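Both complexes below contain subunit A, partnered by subunit B and then by subunit C.
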Partner chain A sequence: MKRRNFLKACVIGGATITLGKTNKGWAAGSFEGYPDAMGVLVDTTRCIGCRSCEAACNKEQQLAPPAESFEDKSVFQEERRPDSTHYTVVNEFEKKEPQGPVYRKVQCNHCNEPACLTSCFVNAYTKTKEGAVIYNSKVCVGCRNCMIACPFNVPGYSYESVTNPVVKKCILCYDTRLKVGKPPACVEICPQEALTFGHRADLVKLAHERIRMNPESYYDHVYGEKELGGTSWLYLSRTSFDKIGFDTTMGNEPIISNVKEFLGMVPMVLSIWPALFSGIHLLSKGKHDEQGEHHDTTQEDR
Partner chain B sequence: MKKFIKQGLQTVDSPYQEDGEKRSLMNKLLLGLSPSEYLLQAFRNPFNWILGLIFVIGIPILLGRFVFGLAWATSGSNDYPWGLFLGFGLFAMVPLSSSGFQLGTACEIFGRHDLEPIERLALLNGLLGYFFMVVSFGPAAVLFLVAWHVSTYLSVQILEVSTAFFEWIGFPAGKRGVRRITLGLTVSGIILSTLHQGALGALFTYAPGKVHPLWYSSSFQWLHFFVSSLPGGLCMVIAVSTIAAKTMNWRGDGRFHANLDKITVSLAKGACMGLATYITIKLIAIAHDNKWSYLDSGWGQWFMLEIILGFMLPLVLMTYGVNTRKMAIVRLGAFATVFGVVLNRVNTAIITFNWKLPHREIPPWREVLISITIFAIYIVVYRFILYRLPILYRWRAEEAPEVVTETEAVRSGAPIGHASTAPIASYSNMTKLD
Partner chain C sequence: MPSYKPLILSALILSVTASFPMAASCLSAPDTIILNQGGKLFQPFEFNHAKHIQTIKECADCHHHTTGTLPPNPKCAKCHANSSPTSVVSCKGCHSATPFSPETLSEKSNAKERYHMDKMGLKGAMHQSCISCHQKLSAGPTGCQECHERSAAGKALYYTGKVADKSSKKHH
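And then the complex of A and B:
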């Protein structure tokens, strides 16, 4: 009877394991973004560095007024990054080139598999089906892990707030515009049509089309199409991307791929260690009883 | 303190005074001195003056953080969101506090009862390191794992150290209860330590583009952090016991002082194996991702300096010291290891972090001062406990009268340390697991 029960349990257990193991797996590596995800294509060859997108963003998101006006071009002297009062900034590159400088707008790229979302342990981040990566400050505990994790150095922290500092970053105007089908404020205001809003899939096609039509004025690459698993914001440039402040060494694997090895090890330690060390304790106890206090002096505690 | 002992003060190491009267809690807290005597010895200690100076400047700044905000007290950098507090407080203090679970394992799991004189120091070292990390960190995927492991582990450690507290306060039932679950506590200590020491490393796998490749390894980062924490913790115990044996000589009992050298050698042997393993896996990681070319750069030289001064040199020093029984060299090696582990963590979290950015940030003075203040509070609490709880000495139970101790020592002719342990066997049985 006992044996029969044992075999039965084996069969049932085996079946559960086989059937229970679907092909779902973790999203990393294969997830290419939501089908209806929106995005923005930035054609840096069209940007003239007018900073009107910065002004529009400031107004739309009701951010603190800036120290210098949005017409002030002196800000281009140094490379800036987005922070808690500037969700987007424009930087100037290739300043001494005969064709003139290249301007590059920086904001959250709204990754398909956001590192900030992966690293957040209170799930403050959400990747919406529209493609925006939004953030819920109510559950945020201020650990700033997302700022460490973001490969584009985007999220800022409102250090200046005494009682309730929170993470701040571009949300693709999700609350006020994207949700109702309107393009983000920066796209709408751009006088050069350097920014194009649309379905990400269409924008990828459009970007390649522009390169094909004008191969001499574009560098043959769409930044953000595959980088780190792909981003909702895509960039075109006339020079190689490392010259205009992009990190081109990151590869196409999303950040979560780096962390999976450790996370996979965790349940193993949790399940193996108790038996292993209790067993060792039992073994060394038996030895003790027979051989008294004699024990090798090497350290065995690892 | 030395002066008072010369004058005939009996240090507090049992529930009773010389005249057989039970000691009150106040008496225990004041180390058996009268309040005025206590203040006198505190004022006489020049180290207290240094601490006082740090607190006078540091505490107002610490409070200022809650009044004027983080931007006032820290650099408030978006590129270095974890700054000096976490770079040092979290990433450097935690590996140095791995001693608790290691000595717990050695004594309780492997039955190395010869290490017992230092077990409690190691446990306390672990507890305080974590406690200050959590306090300076405040409330905060992998970080979640760190958070719940550290908090669980903190309670495990509090329980492990509580035996000393129960003895001191006079509550044997509590002690017996904790002793009964020691095996469970120790095993959960190992699990939690393995995971969160590793997890601290794994936190950096979120930032493959920011940590310098020589300090980064997607496959082995957690192993690097875990393995280096082992010698780090052991050497921290050597370092602390060295300092304690020097500065609070009166507090250690015969057993502690007589066994210290022998135990230090055991710990150093363990640390050497840890160091050798760490250096090996560090080189394997470089080979695995073929990062040799990075060595030929400014960062590479800095990396080699860290590996050579902080890990290879102590390995050589301690191996030599252990073989020739030159304790000063062993201890120097231990201090060098502590330095190496701290440098490694600070390098990973602050110095080489964001190596691609064109400029480096120097933390502002307020942030530095707050870090020093928190570290000073850590030292004060550490000292407060070592002065009082039976960490470096054994609490003499009621049934072990002093007279026996002396006759026993004379009769057996054994080293003093051994002799003083013998008569308290009735009590020491309880500290063993079985």
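And then the complex of A and C:
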């Protein structure tokens, strides 16, 4: 009887924890970004592939010198991704199109509901009210969960650091610029104003207005407006986004919505399951012993 | 001698007007303009305004509705069909040099009635105007250093020089 009571308590306790956590999970999944969050609209129809943004980022974030100069166009031969010494890279697409190639800048998109933040078990990541997704490298333990979690393959890892390798990525120039209202270094240097800095809400309107006024120049979609719950960086393109390196299969649900039920279960599993299954094991062991004896006798009968 | 001066002047003006009838309203336009005057990464350079007037002939191609004939674009003509030339026609008179500063952004968000919410900054307007036209006509410079040379600070930022030398050796 005592054992039965213990099991009851386990089930009730587990259910309470699960429900509590699930509710919290739901609340986090409906966050649509801070009202005053800033953002950047990338108009890929304006970009000329000069790589000035890469150069400005390198200086502002005090990154290691590049292997080639920033005026070297041979880097466009292969598609690059951001890493620990390049927080932003420009890639070339549609190389053989008569109207010329399309250049697309890649960096952290600063999601409204960042998967990196969700995946980080030391809480190194923060989504600031200005819209930036920043991280505290002092608490980063280098587990690289965020690199796996990020749907855009953005965070890089300082493999070159032997003593203290940490995750590195674009922080929207939060420390040096965004915090005091200044645009990120890449936006400021862009000669073509392919990058427009402003309140995210205004940029969404602006992007749709550009499409409305010049429907012949744009594909009718603003990438990042709704993708994965929305991102601070938004993109415009002349062609469908899958042709210029975007993943268009991700849907509009933030990553956390896919994992919140599982994550809600984790505390329950860790605290209740060991006791619960020990109980079940003990119970079944008792029964098994009885059955075992019975089994043995039947075999003997044969 | 002094009595001839007005004569010579008027003859000059007449000849200019005769050779560029379309540009009659641009008479006070400067022949050359020093662009990129506050440039830190690229050096200032001389823009040959006279040559552009001669080849394009249409002021409104660059100056929108502020001078020359009215804009041919039907979208602009909706409002600017009867616009008179404005007192300020220079690019920097309308396009802000700091389009993303907190001041410009708050001014923009306070101007609820404004139509041109997507007005470009000075640097963006100049580069887009120049490069897109040069590409369209397949004439004129489209590369960075064809117009303005990098300054020492610019060379350092782009890692040209030392790094570039190394990479060119690698290719050989």
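Simple rule for what comes next: the second predicted complex is superposed on the first by the 234 of 302 C-alpha atoms of A that agree within 3 Å, B and C clash if a C-alpha of one lies under 4 Å from a C-alpha of the other, contacts with A are read in each partner's own complex, and residues count from 1 in each chain.
We adopt the following convention: contacts are C-beta pairs under 8 Å (C-beta built on N, C-alpha and C of every residue); 3 or more make two chains touch, one makes a residue touch a chain.
A quick note: this is a predicted structure, and the numbers were derived from the prediction, not measured.
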item	value
Touching partner for A:Cys53 - first (subunit B), second (subunit C), both, neither	neither
Which superposed partner A:Arg144 touches (first subunit B, second subunit C, both, neither)	first
Touched partner set for A:Glu193, first subunit B, second subunit C, both or neither	second
Subunit A residues touched by each partner, larger count belonging to subunit B or subunit C	B
First, second, both or neither for A:Glu71, with subunit B first and subunit C second	second
Partner chain(s) touched by A:Val89 [first = subunit B, second = subunit C, both, neither]	neither
Partner chain in contact with A:Ser161 - subunit B first, subunit C second, else both or neither	first
In the complex, subunit A residues that touch subunit B	79, 81, 83-84, 115, 118-122, 141-145, 147-149, 151, 153, 155-157, 159-162, 165, 247, 249-250, 255, 257-259, 261-263, 265-266, 269-270, 273-274, 277-278, 280-281, 284-285, 287-288, 293, 295, 297-302
Residues of subunit B defined as touching subunit A within the complex	66-71, 74, 76, 78-79, 81-82, 102-103, 105-106, 108-114, 139-145, 147, 183, 186-188, 190-191, 194-195, 198-199, 201-210, 218-219, 221-222, 230, 234, 266-267, 269-271, 273-274, 356, 358, 433-434
In the complex with subunit C, residue positions of subunit A that touch it	46, 48, 50, 52, 55-56, 58-59, 65-72, 100, 181-183, 187-193, 196-199, 202, 206, 209-210, 213
Complex contacts: residues of subunit C adjacent to subunit A	41, 75, 99-102, 105, 108-109, 117-118, 120-121, 123-125, 127-128, 131, 135, 142, 144, 157-161, 163-164, 167
